[in-house]
Amino acid sequence: MMPPPLALSSLLALSVTEPVSVAHYLVVGAILFTAGVACMATKRNALGVLMGIELVLNGANVNFVAFASPYLAADGARSLGLDGQAIALFVILLAAAEAAVALAITLNFYNNHATVDVDRADDLKG
Amino acid sequence: MANAIEDDPRIIEFDVRTDEMLVNMGPQHPSTHGVLRLVLRTDGEIVSEVEPHIGYLHRCAEKIGENLTHRQWIPYTDRMDYLAAMNMNLGWSLAVEKLMKYEVSEKARHLRVLIAELGRIASHLVGMGAYGLDLGTFSPFLYAFREREKILDLFEEACGARLTYSYITIGGLTADLPPGWLQRCEAFLDQFEPIIQEYHTLLTTNAIFVKRTAGVGVLSRDMAIEYGCSGPVLRGSGVDQDLRRDGEAIYTAMYDGYAFEVAVQKDGHYPRDHEYPAVPAGTVLGDCWHRFFVRMLEVVQSMDLVRQSIDRYSACKGTIGEPLKLAEKMPAGDAYLETECPKGQMGFYLVSDGSAKPWRVRARSSSFSNLAVTPELCRGCLIADVPAVVGSLDIVMGEIDR
Amino acid sequence: MVDFLTSTIGLSGWLAWTLAATVSAVLILNVIAGGALVFIWAERKVSARIQDRLGPTRTGGRFGWLQSLADGIKLLAKEDLMPEGADGMLFRLAPYVSFCASFCAFIALPFAFDVVGQRLNVAVFFVVAVLGLEVFGVILAGYASASKWSLFGAMREAAQVVSYEVPLGMCVVVPVMLAGSMDMVTIAEKQAGWFWNWYVFHDPFTFVIFWVYVTCAVASVNRAPFDLAEAESELVAGFHTEYSGLRWSYFFMAEYGSMFLVSAMAAVLFLGGWNGPIPVATLLGFSEGTGDTAPYLIRLLGLANLVGKASLGVIIMMWIRWTLPRLRIDQVMTTCLKYCTPIAAVMFAGAMLWQIGLPGGLIPGAGRPGGEIREGWLEGPGGRAAAPPAADESRDVARVAP
Amino acid sequence: MRGPAFLQQLQEAVPDAVVGDNLTALDPWIEIAAGKVAEVCRWLAKSSPVRFDSLQCITAVDWLEVDPKKAAKASWEPHTELVYHLWSTPAKASLVLKCKLPRWKNDVPGDLPEVPSVTGVWRGADWHEREVYDLSGVWFTGHPDLRRILCPEDWEGYPLRKDYEQPLDYHGIRGR
Amino acid sequence: MTPTIPMADLVAGGLLPLAAINFHTLFFLLFAAIACGAAVAVVAADNVVRMALFLVLSLAATAGLFFLAGAEFVGAMQLMIYVGGTLVLLVFGVMLTAQAPFVTMKSAGGDRLLAGFVGVALLAMLVLAGLSVPAWRQPASGTVPEPTATPLGMALVGVRVDQPPAGQPVDAVRSGYLLPFEIVSVHLLVVLVGAAYLARAKRRKTPRAIEVAASVEPPEAVAEHAAIGRTRAAASVLTGEPS
């Protein structure tokens, strides 16, 4: 009966004692990105789609910051340095701008159609 | 047809399509002055329609009146405008006296003026303080109540009650003033006079107050008259009417020899305006600010009248006379009399079949007519303007629902 | 503190760090909770004094010291109600979101030199950002309550706070620009010495922008005359209409916490932080280096200074609340967009130009610490002339990791 | 233009409207035929030499003696009387109009007597007419929104009528 | 994973020696769990406001990750703009467009299945890609980074003052971000104007303005007023001409 608890606790121990590497951040970024994509694909509410976009951008940002961080990089490994953070900043800014425009479009759409269901935005369908 | 809709001023277009929302303001709401229920139809913050629902305080006063003698009904008048119960007593007493063609003694007449004008000050203090409360400032309310308490102390000394007095009664008053009362009253007036400037600083001329009230809830003079509005609401719209001067003979006779100027804007000026703040820019005659300001001026005017009546009363010799018997038989007939109460023109209609009890009693309340104009004033305003408008009408639900 | 624990007491790294973190967290929590208790009591006393009342007098002796505590016990004992149509999860979560945001912002607030939960390089930015999160709790509360009044409150809050963050940000940037750092500790240190070193007196532009900051800060923490989200005369109680008991009190703790926070920000950014108007310690010959107790005394003095200044700010907010009427929502937005933002923008540009023209301020010999960091950076592109301020020992978790 | 001359003018302007008057009463009044109320009021408000621009009050008086002994001695037939108190702001003059209605339309109990609404003349008449309808049971034809105003919408009976019986029970609330 | 940690020390007796805990890692796990869990919850939630709440949690936790990675300024920026600004805007939009409280728009089951399938595939690919580079999997150096706010600010105005990252020659030409910064500023301005234009108020006519116009007293009424005697008591018109 000993092995399973030992294995579990050692895994736990490993997970909290080992320093975090860039790969850890990449996994988080991947999860955020995938969640965002799934959100964009499944939500019928335009605002839900918008939130998916935010998640996707955020996932990318996590990667940028991870690559830029001197703390995460191994000794001698290449790092993006400041550029990663600068790019992350630009992404955040553009995401804000995009959200504003998208919201304005959504409100306009709502004005005309009284719904925010993207499935009903098919006016251009032939 | 399309054009007609286009030009209808009541159609409001909004930047975002929002669904209309029905909101109940009241009967339990901090700023509806009792149990008034306003159903607001709102589009976001903009109110497209207001419908007042009344009757939550209906106590069948008129039906009760048919089963009581005329004097027994006086306590019921107390409970109409309970903030100015003295003026209610006066209105009913005068209406019955009109039916009886009764004339009170000279001393009682001046005492009635004295008491009624003090009652007017007390009522306007509540109206003013509560209006500050409606606009979100709490302190003036307590400053006003502090002064009102002093008036109530005087009333208590005179008649024993602080809210429902039944002091003025048919045929005079229930009791004469106790000794030293007039000195205390004068001391109060002397102390109160400078405080009014404080109210002007805190409210009348306060920049935020002016912003909140100027141009809000504009009641045109024609509409005010058509709705039967009265009192400060009517005068705030620039209509020069005050029943103390323009009323029926039996009422104006009470004020014979008293000098006062009706608080109404004429040629862009209020009387005595050299002593009081100038009308701020942005205000429109008939808006909330003017209604409020008329009340403020009437406080000063009433103080003046109280001073005059103190002189006259103390010059009168003799007694104030006896009030009527509790079950006095009345001549058959009917009489209608309106008096100028703090809230407006309070009318009492009385039908007698010759017995000691009235056949029919009717109270025409000023607040009832003043409130009826709310839907017109609130159409298209913001939610925050609704308390501002309703507060500026200074209604009392006890009088509306009776 | 970690240093102290490891070197003086000899605890191992992780224990010292955990202990330090716990102590900081508990202290900050107590600052908010205890501060809220004190400020609620103060609010009652201040409002009572303003309104000619006594305020609490019974609980805890003559001054009612324990009134807030008694209220707290009452709130704990109250039933936690939730409206039937409410979204349970969001409804329960909302007060904590608000409270956590207020709490988190305190982490970066320095109370005295080195007395700071976590010295952040971007402290100013962090505090403003986290403070903006508080609005989210309010929006959630308003939305989840399934009450129309709450929803109105939430909408107003969202519109108002998001708008006021713009001028608030601009105001905050000015001292950051003058100090060349976003680190609040650095900013406060730069204003050491006599009170004319305070940034509010740096130049006319900073003097004006300080008042813009005060306006925006009052608006961003939802205090009168900008307390539209909970305007009791219009929206019953706005976003917290449906809350009761402990959850309701979390909103209040958050509100008082935020009030203290923006006041402390004002003190740090414009009013010299923990530096008193007169450099007492320097005049007496104390410095960080003199003796064992001097650093502690200096820090204690600084703490008293900062808390005093922040409390003064809170009391001024109370004073404003009990004096002014409330603005209307459109007027609040106008104040932000038409007045605060342009004035802040112009003052920001002005302060920037002043820095170029008269970097030392009006009094050249005043001994104000200049912007040496900035000039150092500019020595050459790619070059590294001056090191950025050294990181505090406790600033990174990893330091103590094995 | 006051006194009998005014009455004369009114009779010329709206023929067959005035069916009675009492110029010597405490408040002199004229009686209007029920069907002509709106017409008379419109003339008084818009075209008369004394513009009655304000309606102060509408009262319904129920003339019914429930005690049969007293009823036998009464000098009047049971009827409902509407009393309009008008006011002229420019002339500072008042006018009382009365209008006799049957207690029930065609003497069918439950059918409310009808009278034309004056809401088209004075907008302020709206609430007054609603109150009269609510408490005394008079139907104002042409009123835009004749609902109960003081009593609950589902209240039964007209409390200010002399033969009104208070309900014993209202939604489980004991009446007596 | 990596064999650098002496296993025996860690799990002696099944207990984890607290001294060995890497707090950085612990906090990373905490924030990462919140960020990922909330992100999944965003996908799973049907209520828009709940989605927004989870998104806030996710983004705020991500800000925490940024702080841990030494990107303080980006973290604060994330809190300020994303969480404080964008999300409030989103919730605002939710409230403006909700037909009734708590509107839910259920996604079709097929959509969900498909999205789940694609999502898992994408996730597997991304994770594989992330783990495929050995350099990224190497344990971190744990070097405490210098505060980056000032160098970042300098970079945005076009001056690079930071040390070049490891592995790059010191004298390499490293560009600042003045031009992108300016472009983004203009972009934001354009967006501001554009968004305001898109959601602008078309026409607004409130009755209040009309009433203000109507309230001007008609001249004949004034004249009428002036003509009225002011001392005469009111009486019924039927009482005859007043004295």
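Chains: A, B, C, D and E, in written order; residue numbering restarts at 1 for each.
Assume contacts are C-beta pairs under 8 Å (C-beta built on N, C-alpha and C of every residue); 3 or more make two chains touch, one makes a residue touch a chain.
Quick caveat, the model's predicted, so the values are computed rather than measured.
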| note | At the largest C-alpha centroid distance from chain B we find chain A
| request: Determine which of the two chain pairs, B-C or D-E, is joined by the larger number of C-beta pairs in contact. | output: B-C
| message | Can you tell me which chain lies farthest from chain D, using the average of the Cα atoms as each chain's centre? | response | A
| remark: Between the Cα centroids of chain C and chain D the separation in whole angstrom comes to 67
| Rounded Å distance, chain A centre to chain D centre (Cα mean) | 74
| message | Rounded to a whole Å, what is the gap between the Cα centroids of chain A and chain C? | response | 31
| message | Just the number, please: Cα centre separation of chain B and chain D in whole Å. | response | 26
| said: At least two partner chains per residue is the criterion; list those residues in chain B. | reply: 16, 222, 246, 248, 376
| said: Among all residues of chain A, which ones touch two or more of the remaining chains? | reply: 19, 71, 107, 110, 114
| query | What residues in chain E touch two or more of the other chains? | reply | 20-22, 24, 68, 70, 73, 77, 85, 89, 92, 96, 99, 142, 144, 148, 151, 160, 163, 174, 199, 221, 225, 234-235
| Can you list the chain E residues touching chain D in their complex? | 221, 224-225, 228, 232, 234-242
| query | Which positions of chain C touch chain B when the two form their complex? | reply | 47, 50-53, 148-149, 152, 155-156, 224-225, 227-228, 231-236, 322-331
| For chain B, which residues count as touching chain D in their complex? | 54-55, 58, 60, 62-63, 98-99, 101, 222-223, 225-229, 239, 241, 246, 248, 333-336, 338, 345, 347, 349, 351, 359-360, 362, 364, 368-369, 372-373, 376, 401-402
| Residues of chain C that touch chain E when the two form their complex | 12-15, 17, 85, 87, 89-90, 93, 120-122, 125-126, 128-130, 132-133, 135-136, 139-140, 143-144, 146, 151, 154-155, 158-159, 161-162, 165, 180-182, 373, 377-378, 381-384, 388-389, 391, 395-402
| For the complex, which residues does chain E have touching chain A? | 1-2, 4-5, 7, 10-11, 14-16, 20-22, 24-26, 28-29, 32, 35-36, 39-40, 42-43, 48, 51-52, 55, 58-59, 62, 65-66, 68-71, 73-74, 77-78, 81-82, 85-86, 89-90, 92-94, 96-97, 99, 103, 105-107, 111-112, 114-116, 118-119, 122-123, 126-127, 129-131, 133, 135-145, 148, 151-152, 155-156, 160, 162-168, 174, 177, 180, 184, 187-188, 191-192, 194-196, 198-199
